[in-house]
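Next come two complexes, and both contain chain A; in the first it sits with chain B, in the second with chain C.
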Partner chain A sequence: MQCVVTGGNVKVLAKAVHSLSRIGDELYVEPQEDGLALRSVNSSRSAYACFLFAPLFFSRYSIDRGLDFRCKLAVKSVQTVFRSVATLEKTVEKCHVELDKAKDRLTFTLHCKHGLLKTHNLSYQDTESLQAVFDKDSCANVFRAQSRVLVETVVHFPPSVEEVTVAVSSERMWVRNHVEDEAERSKALLTELCLAADEFDHFAVGAPNSITFCLKELRGLLVFAESTGLPVSVYFHEPGSPVVFSVTDSVLEGNFVLATLSDDHNLQKSDSGGGHAEPPPPPPDDFMNDDIDSYLIAMDTSVVPGPSTAPPSAASRASPAADSRTRKHSEEEEEEERDGNEDPGRPPSKKFRSLFFGSVLPPSPQTSTQPVTTQEVLASDSEDEDE
Partner chain B sequence: MPLSTQSQAEEEQYVLVANLDNARNLSNILKAIGFKDHAIFTATPNGLKVTVEDSKCVQANAFIQADIFQKFTIKEDLVALQVNLTVLLDCLNIFGGSTVAGISTALRMCYRGYGYPLTLFLEEGGVVTVCKINTEEPEEPIDFDFCSSNVTNKVILQSESLKEAFSELDMTSEVLQITMSPSQPYFRLSTFGNSGSAHYDYSKDSDMMELFRCNETQTNRYKMSLLKPSTKALALSCKVSVRTDSRGFLSLQYLVRNDDGQICFVEFFCCPDVEVDEDL
Partner chain C sequence: MKFRGKIIDIACLNHFSRVVTTISKLTKMCVLRLTPDNLFFVLSGKVANGGVGMWCELLQANFFDEYQMEGVSSEFNEICLEVTPENLSRALKTVQNAKYVKIKLTRKHCPCLTIAAELPTLSSVSRVVTHDVPVDIIPKSLWHEFKEPSIPDFDVSIYLPPLKTLKNVVDRMKNLSNFLLIEANMNGEMKLKIQTDLVSVTTHFKDLGNPPWGEDSSQDGGPSHSRDPEDMAEARVDIRKLQQFLMGQQVNPSKAMCNLVHRNVVHLVVLHEDVSLQYFVPAVA
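Up next is the complex of A and B:
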């Protein structure tokens, strides 16, 4: 793989890396036919982000056909390459990204002003593909706004606010901070903003309801959107299914997929939002009674923390879901979920439905992300890939 | 100015008297070498040299020429004293070290001789503070024996370009490797950290390169922890001269311009880390 980024696009690339660093600790780099994909997922798998830079984004883009290469790097080390984003535009003329298979290094070379050449040889780990399965096209609620509108909305919420609830009617959108504990409600500072439809470039509400999601990742995307001046599109359907924030222009696409609080929780806790429509009843779920499992949509094992040296056979035992309403979990899935819950740093995340990542193994022909057919299926299951 | 109204008789007891209208011109440059507590002051009729050392491996010298001071009288050829640098810096900033233009602390620094404290008279806005800092038994600074005749390679760079590199240095790397060579890569800074290696190459034709005189290829490693303190001096400076001698010892000389446009120098010597066996 070799790609060359020049001029202002270096800053765009750097900003993308910085906004991905808001999601998770690792950056997944995957050179594809249709462009360079940079992805990240948070430790509890409730947020996923992907940027796809089309070949035209680069002044040179070449990948080795036939050689399926993908890797993950510590996002911090990639950030070091683009440490001074503020001066990047002025100082960096050209950025080469090259894979040195022989040395197992991903090399970033920055050609700077005054003949200064910065070379960063970063070690990486081989990894499986990281993909969240989402279908923004079938979302009932679609909005598009200038990044400024969203930035000015989000700025009213202090950094301590972790989650916000967005409620929509056919004419308005309300954004308020989400207070988890009913007892805390009387003490907590509540902030609510109302945006009229005409603030948006596009405002289509097919299913008036409200969703609750983490603000941190959205802030990450907004940093990118603001610096590139791109409008942000928002897609969501109902509580419990993911909300997708995306930025697109002719040479790049960025999607941030965030888990939303599942429905039952929403009904209990956030009914004070005023006159807007109640969300539809939650879909029947076999695991309603199980505290952990009810939050879990089928979970695959494609992204194991730590060295991803697990043989493909170990990673592909996810049970095929014949019926999305009677999903079952493999032992690994539950184990992983428990691991997630034990992470003391992120206790609130467990109430979010985890996003599902298809395990896509390079050599298998059935590996591509299966398009989802119904909204309930957030999960596609990899068929026995070890065969 | 109240400080100049001291009686003549009192003045005569001192072997060293130095007056400075703006104490910041001294404190700034001392801050740049303030990575250890103990500073050896060596005063000669030419001026003041302040030396700080660490681990017998790195030495920093700040040179403040006599003409930086409004008055610099010394009764002996050489006056040596040692004080706690942190305490001295605290005293110099006793009025808060305001950076507002037009407000400055005036300083008179006096020393009576061996066994006496270093006395500072500081005045700002008509208020005078007298600080007496106990002196310590002066140690003998290490002689790094760095002669210009032994210099193998030398480059002079505008600090601007090195500042960027130093601010981005991968601090997970234990060493900073400096390569100087008459051929490519000419002047290279390398780190080897947790996430991989990084190289910063400076072209010899760069407009940041004021002088490039390299005779042979030399690659030496220096402990990052020893070199890191020099970043403070780098930040103050406008030019830096990087030299290595035949033993691989490193000399970094920083040209620092103070608030009044006068020039001082800060110099770092650092001995090399283990020898480089293989090219990484």
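Up next is the complex of A and C:
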């Protein structure tokens, strides 16, 4: 394999690597007929990201036909190659990525100004192909927005916020931070944001619903989207099935697939609730209108203060069911591809269901060695967890 | 009990947010007292027991375009809330470019200070963000703990050097010792000292000036008048508590002074336009 990236595309490649580093510790590199795929998955396999750079993205792109090569590298070492995106932009004119089969090294050569050459030889591991199973075209809810809209949404949530819940109706999208525990709710800062459909370039809600997912990976994608100025599309269906964030242009495609919390309580709500899933918290107009008496409250505080006096308000989330939430595995297992060996490697304690994809076996010739390869991967994943 | 305030002016919003951020650097929890004219952030550390105390006073009219409150009763027209200033500060920081910000006391899953802001967008509909900051309502029976502290009967009162300078010095000293000795006299001199087995370091400040407290001090015998201007008063304090105070300062105040009660307490006062902040650091033996 040999590919050459020039000019501004070096920065795009660098940003992609940096945003993949938000997902997992390993970068899966797979030169394909239709372009170079860079992928990453987190240790609990609840988040997966993939960039596919079409041959046209490169000023030269050649792969060895007939030789199925794919590998994984420590994402940290690839990040080192592209450290400091700012200087990269100013100094690097060309970047060669080449596979040195003889030495088993993947070589990144940066051609900088003044004839300076920087060569990084990175060792890699052979691996099976990493491929998530998701189908964004069948998602009932599809949105597209300028990256700025999403960036300005996410900025309201402090870095400590791990998960957000997104609820949609036919005209609006609500985003709020997800607090797992009822007890925490009376201590945590709750933030909620309402976006009108107009803010989106495309806003289609087939199933009014609400999903909860991790913010960290989305922040990663937004860094990429913001720097490339590409709009972000969002696809999701229902709680428990993955949400997909994607960026596309003529020479590249990026998909971030994130598991969502399967919240049976939510699910029931949406079944019975018809139009509105989990009643989106008080409509913004209530907050913002100027009729002061409508939201001023009278609280008698000379008695015992605190939550004990508060009636179970806005009952939407008051159910203790949140704790006893069960995961629906069966459904997920159907989605899992042929390879069933996944389970042992899955850390038990993760909040999100992690089975939304399985590893795909590489095409035939090496099939006999397959179980071994798979085992290695699983082992390394669980080690990561232990660290 | 009702409270609702609205800030439209962006400078006021920035200013308010800076004050809250300063408070959040000083303490994890504090009490917010709302009266018809003022907002107070209070930390009633029992200085006698080694805790720090804080008193920050804001005139509501200087910040809010609309301000309506109704206390517990007409006789006790006040609201007393326990808040986490960090949460308040975070919420305010994200709405710095808002068209307006409303702050109100609401009853949600628990009592909350709800900060609702309308943000500008490209589309015709503006974007609304709300932050619910959980608060605890403090019953009237405990209010007496959050009254304005009286100015201690100090031995020496002196203006502080620029806080940035002070911070640089204290930050360095922090690496060497856990305790710092502050000495000052009525001749405008101040020394910051650390002493360990290995090293002693002293930073001298001169010509700082002594604030004229005038009648106040002469009334109660005026120890600061009768004392020898060269005579040093001293207090040994936990250097982290001093550092915390210096770290929190977001703007250079128009006035900053230090009142020393010999071997008892350091009383720091910062005035910035319409905001006054008092900070009490107890002396340690």
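Everything below uses one rule, namely that the second predicted complex is superposed on the first by the 276 of 387 C-alpha atoms of A that agree within 3 Å, B and C clash if a C-alpha of one lies under 4 Å from a C-alpha of the other, contacts with A are read in each partner's own complex, and residues count from 1 in each chain.
The definition used in the following text is that contacts are C-beta pairs under 8 Å (C-beta built on N, C-alpha and C of every residue); 3 or more make two chains touch, one makes a residue touch a chain.
No experiment lies behind these values; they were computed from the predicted model shown.
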Report task. Go through the superposed model and pick first if A:116 touches only chain B, second if only chain C, both, or neither. Result -> first
Report summary line: The answer to whether chain B or chain C touches more of chain A is C
Requested in this report: For A:83, select first, second, both or neither according to whether it touches chain B, chain C, the two together, or no partner.
Outcome: first
**Report entry** Contacts of A:251 with chain B and chain C, given as first, second, both or neither
**Finding:** neither
Query - Touching partner for A:73 - first (chain B), second (chain C), both, neither - result: first
Report task. Name the contact category of A:151: first (chain B only), second (chain C only), both, or neither. Result -> neither
Report task. Would you sort A:4 into first (chain B), second (chain C), both or neither based on which partner it touches? Result -> neither
Query raised in the report: Of the partners chain B and chain C, which touch A:186 in the superposed model: first, second, both, neither?
Result: second
Query raised in the report: If you stack the two complexes on chain A, which partner ends up touching A:91: first (chain B), second (chain C), both, or neither?
Result: first
Report summary line: chain B residues touching chain A in their complex are 161, 164-165, 167-168, 170, 185, 194-203, 205-208
Query raised in the report: What does chain A use to touch chain B in their complex?
Result: 73-74, 76-77, 80, 83-84, 87, 91, 105, 114-123
Query - Complex contacts: residues of chain C adjacent to chain A - result: 1-4, 68, 72, 84, 87, 90-91, 94-95, 102, 104-112, 114, 116, 118-119, 121-125, 127-134, 136-141
Report task. Using the touch definition up top, name the residues of chain A that touch chain C in the complex. Result -> 149, 152, 155-156, 158, 185-196, 198-199, 284, 287-288, 292, 295-307, 310, 313-314, 317-318
